[in-house]
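Should a chain be cited, it is by its letter among A, B, C, D, E, F, G and H, assigned in written order, with residues numbered from 1 in that chain.
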Amino acid sequence: MNSDTRKLLEAVQQGAMSVDDALLAIKKEPFADIGYAKVDMHRGIRQGAAEVIYGAGKTVAQMIGIVGVMRQHGQKTILITRLSPESAAEIAAVYPLDYRAEARCGIIGDLPEPDGIGRIVIATGGTSDIPVAEEAALTAEVHGNEVLRLYDVGVAGLHRTLYHMDDIMSASVIIAIAGMEGALASVIGGLADCPVIAVPTSVGYGASFGGVSALLSMLNSCASGVSVVNIDNGFGAGYLASMINHMEVKK
Amino acid sequence: MNSDTRKLLEAVQQGAMSVDDALLAIKKEPFADIGYAKVDMHRGIRQGAAEVIYGAGKTVAQMIGIVGVMRQHGQKTILITRLSPESAAEIAAVYPLDYRAEARCGIIGDLPEPDGIGRIVIATGGTSDIPVAEEAALTAEVHGNEVLRLYDVGVAGLHRTLYHMDDIMSASVIIAIAGMEGALASVIGGLADCPVIAVPTSVGYGASFGGVSALLSMLNSCASGVSVVNIDNGFGAGYLASMINHMEVKK
Amino acid sequence: MNSDTRKLLEAVQQGAMSVDDALLAIKKEPFADIGYAKVDMHRGIRQGAAEVIYGAGKTVAQMIGIVGVMRQHGQKTILITRLSPESAAEIAAVYPLDYRAEARCGIIGDLPEPDGIGRIVIATGGTSDIPVAEEAALTAEVHGNEVLRLYDVGVAGLHRTLYHMDDIMSASVIIAIAGMEGALASVIGGLADCPVIAVPTSVGYGASFGGVSALLSMLNSCASGVSVVNIDNGFGAGYLASMINHMEVKK
Amino acid sequence: MNSDTRKLLEAVQQGAMSVDDALLAIKKEPFADIGYAKVDMHRGIRQGAAEVIYGAGKTVAQMIGIVGVMRQHGQKTILITRLSPESAAEIAAVYPLDYRAEARCGIIGDLPEPDGIGRIVIATGGTSDIPVAEEAALTAEVHGNEVLRLYDVGVAGLHRTLYHMDDIMSASVIIAIAGMEGALASVIGGLADCPVIAVPTSVGYGASFGGVSALLSMLNSCASGVSVVNIDNGFGAGYLASMINHMEVKK
Amino acid sequence: MNSDTRKLLEAVQQGAMSVDDALLAIKKEPFADIGYAKVDMHRGIRQGAAEVIYGAGKTVAQMIGIVGVMRQHGQKTILITRLSPESAAEIAAVYPLDYRAEARCGIIGDLPEPDGIGRIVIATGGTSDIPVAEEAALTAEVHGNEVLRLYDVGVAGLHRTLYHMDDIMSASVIIAIAGMEGALASVIGGLADCPVIAVPTSVGYGASFGGVSALLSMLNSCASGVSVVNIDNGFGAGYLASMINHMEVKK
Amino acid sequence: MNSDTRKLLEAVQQGAMSVDDALLAIKKEPFADIGYAKVDMHRGIRQGAAEVIYGAGKTVAQMIGIVGVMRQHGQKTILITRLSPESAAEIAAVYPLDYRAEARCGIIGDLPEPDGIGRIVIATGGTSDIPVAEEAALTAEVHGNEVLRLYDVGVAGLHRTLYHMDDIMSASVIIAIAGMEGALASVIGGLADCPVIAVPTSVGYGASFGGVSALLSMLNSCASGVSVVNIDNGFGAGYLASMINHMEVKK
Amino acid sequence: MNSDTRKLLEAVQQGAMSVDDALLAIKKEPFADIGYAKVDMHRGIRQGAAEVIYGAGKTVAQMIGIVGVMRQHGQKTILITRLSPESAAEIAAVYPLDYRAEARCGIIGDLPEPDGIGRIVIATGGTSDIPVAEEAALTAEVHGNEVLRLYDVGVAGLHRTLYHMDDIMSASVIIAIAGMEGALASVIGGLADCPVIAVPTSVGYGASFGGVSALLSMLNSCASGVSVVNIDNGFGAGYLASMINHMEVKK
Amino acid sequence: MNSDTRKLLEAVQQGAMSVDDALLAIKKEPFADIGYAKVDMHRGIRQGAAEVIYGAGKTVAQMIGIVGVMRQHGQKTILITRLSPESAAEIAAVYPLDYRAEARCGIIGDLPEPDGIGRIVIATGGTSDIPVAEEAALTAEVHGNEVLRLYDVGVAGLHRTLYHMDDIMSASVIIAIAGMEGALASVIGGLADCPVIAVPTSVGYGASFGGVSALLSMLNSCASGVSVVNIDNGFGAGYLASMINHMEVKK
């Protein structure tokens, strides 16, 4: 703020700006500032990073409009999450869209080269968790991360989890995705020595209560280094994992 | 019922019993019958089995009275659960009581020789779960079971759990006791091939909600062969484990 | 682990194995071990035991693929749970499938002869609980158990429950299945002297909350020897009952 | 209202009362007026019926004041519920108070003769439910009912319940009081053919959630003729039972 | 039980019946026996009382079968609740069925003459509560009660409630039915001096949580004489109201 | 009440009215009074105010009937909320209806001129909250308020919120509408110095629990001057905002 | 902000202040700046308005410190809420404190003259709600409002509520405070035609769940013009009521 | 594991170690082995990193014992969390303990030099959140992080939050700690472009439900890059923040 306001004050001092104009400018300033920082994070930090559109609750027309503006501003890669096949087909008629049915995501543009600290490992307890995992994986990939998928390694067959221990130990960040009892996050958190982002899923029945059981289990994990995002929030986990995996770049 | 009622009917047929007396006997019979089975289970099946008094909410006078009646009927071993040190001291003034402070249990009489199918393994996630585990262990022991205690083997340090795999695989029945995220039951259920009785505990804070998180986690366990009892219900788990561990005897 | 590692060490001592190969073998060993035990439980213990496929969330193609692998490995009996009539019809076009609509289960291969300790009694509170009960019954039967079905014996007409008391007392293990207030588990637990596995169902309306009322009721059962599985989890109850009913065989 | 207002109107008609005096009297009346119905129910219907003071959250001074007003208005019997021993002692220094510690209730004046249709049976699942039961029993007794207490007849020992079937069948109204799984209400509702008022209690631990488990169980009772009051609300049950037991009188 | 069993015993005593035949008869009797009381309540007490079939979860074939058995046993009036229009049409092809779409109930046979103590008043908070109210009303009517319907008298327009105070005060029993905040039960309970049966409904949105808000409100009612049944349980309320309204008859 | 009752008493005094007729009149009077006040509030206070019909759960016929009565009584503007497009089309065939699809509301008649203290600002966190916001906005407009819509100004992009601070500070009353975490209400409450009505919406997924998360967040707002209405209750917020915005008029 | 910053800019324009000094002043200002609006609301609008200190979780030293700063800035009236008697005694040793034990509030300085639009009516369901009501009343009074207290007018004795209808209709704003079933808010909302602020209280037992029952009831109120604040939040209700009651002043 | 086991195998190969001794060593190793990764993470990566003892539920003797073992193994810095002043005093009699009363933490040994990527900012909504914040801050400091504390910057006074925007933007990782409505995490998440770890606290009353409101709010945060740990889990947040802040070091 200092430099901008200094210039403004100097303009007033020198009579180049009226008091009223300066007053208006100062009043508006803090907010332009704040917005800038935020916008910059999405767009300006690195070349090639993607923008993400949360598709749920948006009409096809709205999504096409947003994509248009983004591309006008030079955005190379755009990810649309929570996108139905029907909407995807309509968008694909306007823009070249790579639709990934399992993740319910569409990608416009190329995936960037991975440039993170290391590899993001995405593990799921079962096969039903894969849609959430793929949303996380694509989010990480469009933000420039190498992703290793370890699906169906739940603790009911603990040997499957342990079989992949080398992969688990090699990760820079791990996203542990599970429904039902959600024990995968604790078990992986107890094996790994990197940040673990736990994603409860709504997979299950009865007392799984749409993901609440897994959510509580993950929040109460005794393992250190585990944090949790919302039920089924693959995007949030992929985005945060990318942030962490680009820590060294940021400085 | 058949044989008793037949005798009764024959007595009526032969004039050895009045209709009124028979009517009364038949009216009372079903309930004596039903009660008998239940009582027999506690007392009659095997020599040496114990009776259990649930101490919570009972006055010292009530407990002393119940113990007196039991001993009059020849009961050798009596376990009192949920017994405070203060009450224990008062009872110990009347009967020889072996008070186990950690389990908050008192034992009157000798522990019977183990006579079950195999060994009951009792595992806990942490040290704070030990009181519940000891209540389960004593309950199993007073009912004639060999018990192996594996405490503080929670999944946050998965190697501790795995280190005891031989013990786990050797069990006839396993009682898995954990608070917080309760993942121990799933991990053990995924390793063992015997019945696993899961006991959620109220150990934890925040979103553990007094054991609800562990309870839900255990109910949703993906591992086969796992069932659940009430939060902190060490007695229930020990009693059921003993039942299962004496299956061959029953036939 | 001892015998395998001993052989390996002796091979190193005798120069028959390089240090690098031994190092790799030791590193992989614990997990092969662990996996082995688990797999063995499903398959190796007894002749004729079945494998179970949890059909929910699996495509027909996936299920046909899994069945193929299992039969290649010599599996005689396969149970598929949570199987829709439509999927069943597609599978039946490839493999001989005995579809039980009420249980929403399909069976490939013959049911094995019962070889358990005794008889598993499956009781339901009402007729709406029967699908869950049939899932439990078939699970028990494909694992080699004699099953007695006592349906619609809920406590609202207590005489119906009591009428079957001989059957209840004759059971080796009882599975008590009920929705609404779930009192059946307590009443049977108060009559029987064998393990009772309680299955809450989502049958009901209003404050039954999709099975929560029955679940809580069963968890709080005052009767000894009662444990609980997830809402509507007929498979889990049947599998555990079979485990308990084969206790003597295992030793 | 009718008779009092009628007299007043007749006095105006006959010139025995001025319009202004009548206006004032009527203005004050609605209180006594709409209230009259309620008050009448408590006081006017039968000789000897009691008033009840809910003691929780009232100071001793407030309670003594209310008792004073009631006695000034000729109230013979007064019941104070939720009354601590300390407060009881202070009140007893002013008025002759019969304090029942187990019910935490105090009675001033004599119990009226029972004049209801029949007998109110009050059954509890365990001994810990007795305080709630005694609150219900005293409430019923001060309103002129014969009460039969059947304590500790819970379904975990079903024979105890059945043993008292004659008593249960003889009841005019039954109050079924239980904590934990609350199955007593369903079992009694399935045996009896009279109104059953279910009172969940906060007795229990773990997943009993302070009475919620029993409450849900009772609300979902499959038995006809069962309704429910708030957790631990002995007074409410006793009061309603008395209302029902005096139905014929009312007409 | 006495008279039937007495005859049987006398027949044995007099040699008119063999011991084996008597044994068989007695063995079957407990059914009719303990059941007798229940069945008698439904059927035997008064001429003309109806039986009720809970239609939810029953197939048309099952319902037709049950109706057939009931009519064979001389049942004149049968009420089927929770009956869809489609099922009703199928049943109507076999038996003369009077289908009430609003209540989702069907009636076979004539309504009996009212023979209760007084009149049952059924009040609802809004028009959306009417289906539950009609289920209650028909249940009461088929059991021989005069019913007064006061619909849409909720407290948001308190004058509507008060306008009907004469009706409210005239009731023998009141059924107060409301969703949303459920205040109707408290307001009516505060006006009336007869038993009030509160029925929460699932009418509402947002924080009404499918009837939980109304349920809690009714359970916590400060008014005396109020008890609660399950959410949307019109049948339960109507049945209990009839029981209470026939108290004098029972003695 | 005084003047009416005085006249009545004088009529009795003068013999112009019988005691019985007066008794009946007095008994009915309080309630007619009360009703009057309520009706007057909706209709009589100001010229031009609208009536609102809550369309959910009403048939088209019912709505057309109510509109007819209202128009007969001279009502100029009528708002129908929660109105489906299909029902709207049917009503539009009878009355001139301006249907706003986004708000799911229909308006019959003209909007009145704004005559409130100031301007009502309606802010939403996202675009998915707009239907609720439009229901609030139309409700406010039909009651004579100027409305400023600030949509999609949620705190995830705080600069968007701050950008509109002048508008926020200019408001007479603010309606803050948000789903998910509902933080908008606190942020606006922390900026503004006028009453803030918070409306949680059911927008979200996972642990938003259909609006519960936003509801709790808003109830716990640390900012002063914030109160909350039911989830998705746009009408309630708009109505209350109008009440507040017409405070000076009322006096 | 305008006037202060304008002066500063004019000083720079006129050379009376250096750019560096102005820069420093502006940098500090936003605090006073955005904050100004809030602070002004508390302090600047009218003479004599009070500041409020939320005492919970603050040490006596902290509270004394804050009071000191406020008084240095010329604050005449200060209200401290949630203040224990012990802390009050310590503060009273330093500043003249008027401690109201029932409200658990302390007042330093004089109450201002009421200058609002009209009168704030504060009604409670029972006597146990009075502490919350007094917190609301004092908050309103220190902000310059006339307050009418209507305590213990709950709907269980509806005539008590109706008796005060004139007072209710005369209110500018009503605060309705109740625990248990919280019906008071709906009943008053159905009578009054002014904004009603509902305050659920934690008064009650059993299924009142610490105020949740009342909270839900109030959120679901069918009456228009009702909004809700947090459980026991007397301050919030009093503050908002004062805001609304000073609407005309603000313009 | 490799290097240690390799040496051992080489010793066997070279005859320097018997097979039996090697077998014993390997059998013990898995502990150190699979455990090695975890232990190494805590201890081996950098000089000076601390070990943490979770003090809750541990006796003083247990804690002193664990400290002893740690120090024997050369641990320089040890943090004990959830440590009461009484226990701290007892430990301080044995080891030099720096007790921080506000954080309820004790430190043995010196804090290491910060060696992370950047600075961890810890922000709280209010002063009552400070104990949780201090637990997080000390955890981060003993693991070698520079920590900036921004306390009492909650959104109810949004200008306070904004005033510190430079600090917020400068952070490497942010820990946002708040009770009540928990909006701080969303606001900071909407401002910052680094990972935000949200910690709900149990600060609040009424509908804050011991931290549940803040927890849900944080889980539903619309801001990207936000994840959540358990209620009041300052340690977990500090540990994870340190992990992220040392990402570049790890590679």
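Definition applied: a residue touches a chain if its C-beta (ideal position, glycine included) is under 8 Å from a C-beta of that chain, and two chains touch if they have at least 3 such contacts.
Just so it is clear, the model here is predicted, and its values are computed rather than measured.
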Which is the least count of steps on a path of touching chains running from chain A to chain E?
-> 2
Taking mean CA positions as centres, which chain lies farthest from chain B?
-> F
Whole-Å distance, chain A centre to chain G centre, using C-alpha means?
-> 42
Between chain E and chain H, what's the gap in Å when you average each chain's C-alpha atoms?
-> 61
Got the chain G residues that touch at least 2 other chains?
-> 30, 34, 38, 126, 157-158, 162, 190-191, 206-208, 212, 215, 219-220, 224, 230
Pairwise chain contacts under the document criterion = A-B, A-C, A-F, A-G, A-H, B-C, B-D, B-E, B-H, C-D, C-E, C-H, D-E, D-F, D-G, E-F, E-G, F-G, F-H, G-H
Residue positions on chain G within touch of chain D in the complex are 126-128, 157-160, 162-163, 203, 205-208
Taking the complex as given, what residues does chain H use to touch chain F?
-> 125-126, 154-158, 162, 180-183, 186-187, 189-191, 204, 206-209, 212-214, 216-224
Of chain D, residues touching chain G in the complex | 30-31, 33-35, 38, 56-58, 62, 200, 202, 210-212, 215, 230-233
Write out the stretch or stretches of chain D touching chain F in their complex.
-> 1-2, 5-6, 9-10, 12-13, 15, 19, 22-23, 26-27, 30, 34
As the complex stands, chain A meets chain H at residues 30, 33-34, 37-38, 40-41, 45, 117-118, 165, 169, 172, 190-195, 197, 215, 219-220, 224-230, 236-237, 239-240, 243-245, 247-248, 250-251
